[in-house]
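Letters are used for the chains, namely A, B, C and D, taken in the order the chains are written, and counting of residues starts over at 1 for each.
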Amino acid sequence: MVNSGKLAGLTRELIALRVAQELREGMVVNLGIGLPTLVSNFVPPGGEVIFQGENGVLGYTGISEEDFDPDVINAGGQPIRLGPGASFFDSADSFAMIRGGHIDVAVLGGLEVSEKGDLANWYLPERGGGSIGGAMDLACGARRLIIAMSHTNREGRPRIRKECAFPLTASGVVDLIVTDLAVIEVEPEGLLLREVAPDVSPEDVQERTEPHLRRSPALRDMRL
Amino acid sequence: MIDKVVATPGEALRDVQDGATIMFGGFVSAGTPSNLILALQRRGTKRITGIANNIGLGDKLDVLCEKRQLAKFIATFAIRASGGRQSLFEQLYRRDEVELELVPQGTFVERIRSGGAGLGGVLTRTGLGTMAQDGKQTLTVDGTEFLLEKPLRADFAFIKAWKADRMGNLVYRRTGRNFNPVMATAADVVIAEVEEIASVEELDPERIGTPGVYVDRVVQCEPVAVRWDG
Amino acid sequence: MIDKVVATPGEALRDVQDGATIMFGGFVSAGTPSNLILALQRRGTKRITGIANNIGLGDKLDVLCEKRQLAKFIATFAIRASGGRQSLFEQLYRRDEVELELVPQGTFVERIRSGGAGLGGVLTRTGLGTMAQDGKQTLTVDGTEFLLEKPLRADFAFIKAWKADRMGNLVYRRTGRNFNPVMATAADVVIAEVEEIASVEELDPERIGTPGVYVDRVVQCEPVAVRWDG
Amino acid sequence: MVNSGKLAGLTRELIALRVAQELREGMVVNLGIGLPTLVSNFVPPGGEVIFQGENGVLGYTGISEEDFDPDVINAGGQPIRLGPGASFFDSADSFAMIRGGHIDVAVLGGLEVSEKGDLANWYLPERGGGSIGGAMDLACGARRLIIAMSHTNREGRPRIRKECAFPLTASGVVDLIVTDLAVIEVEPEGLLLREVAPDVSPEDVQERTEPHLRRSPALRDMRL
């Protein structure tokens, strides 16, 4: 499978914005390092989405570079702003929360996702696997797992594949994939194309995706 | 009168021998016992097995690679996924001069808790069907498959808290908790670096994150600035 | 705006059905959700499987035996060792009208924690070679024998805290913690009885013992006096 | 084995006093329900023995019937006084402390102790086993286990036996037995009689004990 030229898909910020639209008041949400951390900045103020950092915090509202307090960070080491009702706890309690099914949504970055919902996001063959962090725990433990990533890699190779070639983070765990080109639901019957980015056609998306995409009867453009 | 306060980090580390297994609390900038790590560097202790969440991400633990004090590291983050500037740890690792055991973070903390709580291990689904399963026993309980994860313990735990009293009671601040309270339960000798020594009456019994019974030595230090640069 | 506060214990229990499995926090006088228990008595729910540290020791849970609402109890203390006045629970138990599963207290809380933390169980030496081993799998890990103890979960957890806010954050007072924070993690619906509802700004993030994400409903009640008479 | 008449052994209070002599500054000590709870009242004020209640408290100094606070109790439900440096925690942390070997000394009551250090203290055949509480955890988890009990039962039958007849609490766990008649150490080679109560002879103790007692070269009267 070969790519068919560069498309003007969503920026990282717009991917984060689109993911933020999946979140509702009262949901407990963990954001992985990298692109996913941007999501907290796209939730409306006072929206009361409860962000969890696996380093031991609940109820932060966004990233803030002002007044760095080394003791008030998210799992990416970034300084965070606390919202009303925030709380702190240790790593044992934090991962009990994650692994016990108390996180409504986890948003993680991805290297590859298979049509069965397998996720590979921690091991790059050219660099080895030098960091797992909480990805395997979040992938297994969250009630709903959203992967936010670019649709293809730098060489234009599809990241959405029949089988993951890279070592897995967890199998059969991904619920939704949001990329610069599309929003795709992982269903027991396979992948369902729900939305395409502005100026991107369903055919463009399929060309850059290894497995077959069924088209949702309600297929539409993303509203951003 | 119980008094666990010692004067200097060097004195706190007086019996840390070559070949020791040491847990280090902290999550990058929060709750990292950087003064104890720097004292360990000065001490020159060799063939250390280190157990910590992260190494080589701008944190102070990387200094232990300057003179190859580390033989092995058990961690969840050790090498930047994105490339960029190499940490000293990564350089040693690429030359096969240090061993790395990478553990999913939830499994990491649960193994340490098991070590501290006298459990023989726990059953988890994290890591099933991945490289994290390699060499581990699986068990089917009531029709569901699990990995058996075994306890982790250490000779020493170096931890960091906000305040302590002479009895070793510790109060943490915000996300400075992370692995510190759990590691304090799972080592033979627990040494706490704190920003402030308070009187026993000052600390609120409701706010104590690690009861003094877990802590052997307390040393007050100016906190060292650390920041993730990954 | 998130608001988990309900007006009355009766309303908090609106969907507790016959046959429900219910955890009850508390250790005799401390942290027992007595108002919720009395509301459960008034509701008349039948065939309950109860999970609590103690029953029949002067505690309010014994009222559930007045009209035989309990089918089974999983507990660590259920019958006075020394004889003396019989509790209602003991009377039912002697007549084989209620089932009792007795669990060592450390195993009890660890099983509930496993249920709340997504673990498949834990390995412990407590109970090895005793009646507590009956029917359980043993496992030898690195030459040491352990019992495999499986997770406990419930449909509901009735817990008690000192203060709450509208988001369900809970602050406990002194030994009122006991089983409450752990049970709050291990049930589908968690209902908290509290002495005071505070504003979200009032509660210190450092003092929250159960984050609101675990709690479904909060109800303010006058505490009921309970005392061990065993 | 038959008893040989009633001996004027120690009262419950004096047994508790003798147990208290085993405790030192800085030791973490858990006292079981019943006779053992009396021990906290016999430690010198300011002695800084750290009493743990498995219901979630460290650092209480004794039992106090004044001003009952339902939230400040020990594991027997009794109101306690807090010392300096006290702390509170939940039951999961409390039993992690107990089972993880962080309790220096546990003092429990006993129904029977075998010469191998097996303990039976939770199940009375005539009443069944209606309460275990934390006894099995404490018996397995404490570094040193002291059993405080009457030397014989109401019928004069020895409680220290070759094998326990009652269902066990844990096997091979008892380190020291303090009774109204004697202080006996459980050693790998068997039982060692270390002290006898005032006006009680080693022969009196042996007559009321099923297994053979070796006599310590330093055997002496209890100092109370």
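Methods note: a residue touches a chain if its C-beta (ideal position, glycine included) is under 8 Å from a C-beta of that chain, and two chains touch if they have at least 3 such contacts.
Nothing here was measured: the structure is a model prediction, and the numbers come from that model.
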Would you pick out the chains that touch subunit A and also touch subunit B? C
Contact counts by the stated rule: is the higher one at B-D or C-D? C-D
Just curious, how far off is subunit C from subunit A if you go by their C-alpha centres, in Å? 36
Centre-of-Cα separation between subunit D and subunit C, whole angstrom: 29
Separation of mean Cα positions, subunit D and subunit A [Å, integer]: 56
Numbers and ranges of subunit C residues touching at least 2 other chains: 110, 113, 117-119, 124-125, 173-174, 205-206
Where in subunit D do residues touch two or more of the other chains? 88-89, 95, 99, 140-141
Sort out which chains touch which and give me every pair. A-B, A-C, B-C, B-D, C-D
Touching residues on subunit C, where the partner in the complex is subunit D: 27-31, 53, 57, 76-81, 83, 90, 93, 100, 102-107, 109-110, 113, 124-132, 162, 172-182, 209, 223, 225-228, 230
For the complex, which residues does subunit A have touching subunit B? 53-57, 68-73, 75-78, 88-92, 94-95, 98-99, 122-124, 127-137, 140-141, 167-171
Contacts from subunit A onto subunit C in the complex sit at residues 25-26, 28, 48, 50, 52, 58-59, 82, 84-89, 95-97, 99-102, 140-141
List of subunit C residues in touch with subunit A within their complex: 1-2, 113, 115-119, 165, 167, 169, 185-186, 200-201, 203, 205-206, 208, 211-214
Subunit B-facing residues of subunit C, complex: 110, 114, 117-125, 139, 141-142, 144, 146, 148, 150, 173-174, 205-207
